[in-house]
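Lettered A, B and C in written order, each chain numbered from 1.
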């Protein structure tokens, strides 16, 4: 996301060990990407709307984790049971209060509304928190683990497994609970769901809330290895969309695989092309998939 | 015809303004409003009249801005020669982007996201290559004089902005009164119906994005001449895309004067918040974002919708 | 005027139209009837360029048009209306019709004037300055027809322009359609309203489950055993009754 440095020339030789470490690093980032994208794809799959404010919501969650750490001394991982419900409630309220009332039946309108929300959030953060880039210090910030010779930061390992665990929980909720059944019913056939007595508006708001709750979890896993500033969400928005489109709009498995894929592409691309140019791979993938295979690599829906 | 007369009045009033007002601040304010009108109208032609929402209009702005700077600094072109080239390149960028997206049937939100991705790609490219000054950007050498399209006072820039904004207003007026404009509105409202009535939707949209790209590039070229500087974020970053769509949507999509009204409101608000909130960054944009949400929710035809009657 | 040969298309596994061949004679009103889901609208889509057939050919006045885009087909003199009406909702009736008129008329004023003349032909004069979104169902059907007429077609495909109208409105539309034919425009119409088919059509094609099962004069076709079976077998009678109760 930091792309302001000047590009440096790619390394002359490609050491397999460096490449391996880069792939591992990509996978750990990819897990968090996947978690962020899962929230987005859930919202899309159920409500058929694109939440452009997803990045801004992640930014707010990151600030939440940051202030819980700075003001209350809470470890980011301990903040999970606070941040996840908080983001859920925020999402539920946002859907009920604003998004549900605004579409006038055009999906681009939702896109514009959520763009407006992200502008508001980003600049409110700028106003209140200033533009400084903030990081937190924990006991484990700088520790690493050795995996077959590759040194991976501990927070990244935690993020990897944490994101996977959260994903598993999410899939369980969607797959096994009665709420999940209602969500799936609304995703498939909203009129039918309404007819059998499901409160569709409530289910939609729940889905939106769960989508943002994923961001609450992602923020807790992300911050120890990352940073926060008002613009931090921007970088994630297009990446999350790329993953969602790549995996097929609304597909969970697709979002997971897409997340890892994009994580690795970014990491290895950065290694080969330099950090600045390396990011281009993601957007080129995004454009190509949208143009030539809009149903995604794994999705079959039209 | 009434709107044509309004455009004439606007040109006259602004044209005579420097005779009565000497304050650089006031003239600078009017200049920036006209510049924002140009950007908003560029977006409006594709998004408002054509119904194709772009989130990445910076891709055209940046192309115009870099073309203007590079043609002068690397190829030694005179600014007056570089300006039409920059505008044409913006049009070409529009044609290419449109040909790709519309050929593959991208609509609605997908089109918006693809334009955004294109802007990002260009930002990264501009950030990488020394040809465009990489991350440092390009600093246009100071050579004041009308022959160099650089002016010592605000008045020169005021007239330049007025000329460009007027062209964009006239084009929007023409859309309201021509066959092509009727086709564009038809494609916006229902592509299938339009096709059944013999409208080549692909070509109609392609023309719209080409003109839109050219006008946006004119805005980029103006920016370089006025501020003598461009870098990847200024050229291809999200803020410029957002500024273009904000003034068009708040002012009124698909209306001739919407972008002008939107520009007045945005820059007026900007001045107010700058004065009252002691220049804290972010405050005015929070209001713009809220305005965007409220307008979409309650006034889809924007401020101009209040004047141009109910549709 | 129009000749389709061996047209076929399937959606997924469903054969919506399979091997349909038909002709539409010039200067007459020809009807295409058949039970719900028979593939009538799909056949219109294939003929007018909105759908690409898996196989088969379409000739308009002897000229091969399969693979052409809808707008190109329209320029050749054939246009269609949609079963589910698709007005330019934000625009007035006049502006809607003018879009069709612009096919041959470049000037804005002339096209708007032409729109007014067409509106008169279909009885929309009183609604000219209303937004299309404010029209009743009957009004929208007329608008669909008016826009298509404004392109000055030689062949017009009408997809259930009478559906959803009450008997009185149907009665008003019949002379309008006849007038179109009398002005030299060939009409090919999908219709469920039997009263209208018997009244208007000079030739009838019957489609069932994607195949043309009968053709002939209206009187012949309605007594054809295959046709009765196709309809009754698919519960059309019940549907018509239900529709009447709704309408």
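Methods note: contacts are C-beta pairs under 8 Å (C-beta built on N, C-alpha and C of every residue); 3 or more make two chains touch, one makes a residue touch a chain.
A quick note: this is a predicted structure, and the numbers were derived from the prediction, not measured.
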item	value
Of A-B and B-C, whichever chain pair has more C-beta contact pairs	A-B
Chain nearest the overall Cα centroid	B
Distance between the centres, which are taken as Cα means, of chain C and chain A, whole angstrom	49
Interchain centroid distance [CA atoms averaged], chain A/chain B, Å	31
For chain B paired with chain C, centre-to-centre distance based on mean C-alpha positions, whole Å	43
Chain B to chain C touching residues, read off their complex	177-179, 182-183, 185-186, 189-190, 192-201, 311
Of chain C, residues touching chain B in the complex	48, 50, 69-72, 74-75, 79-82, 86-92, 95, 98-100, 102-103, 105-108, 111, 131, 147-148, 150-151
Residue ranges of chain A in contact with chain B within the complex	3-7, 50, 98, 101-102, 104, 106-113, 115-127, 131, 230, 234, 238, 241-242, 245, 274, 276-277, 279-280, 283-284, 286-287, 290-292, 294
Residue ranges of chain B in contact with chain A within the complex	53, 55, 100-101, 104, 106, 108-110, 112-114, 116-118, 120-121, 123-125, 127-128, 134-136, 233, 238, 242, 245, 249, 280-283, 285-286, 288-293, 296-297, 300
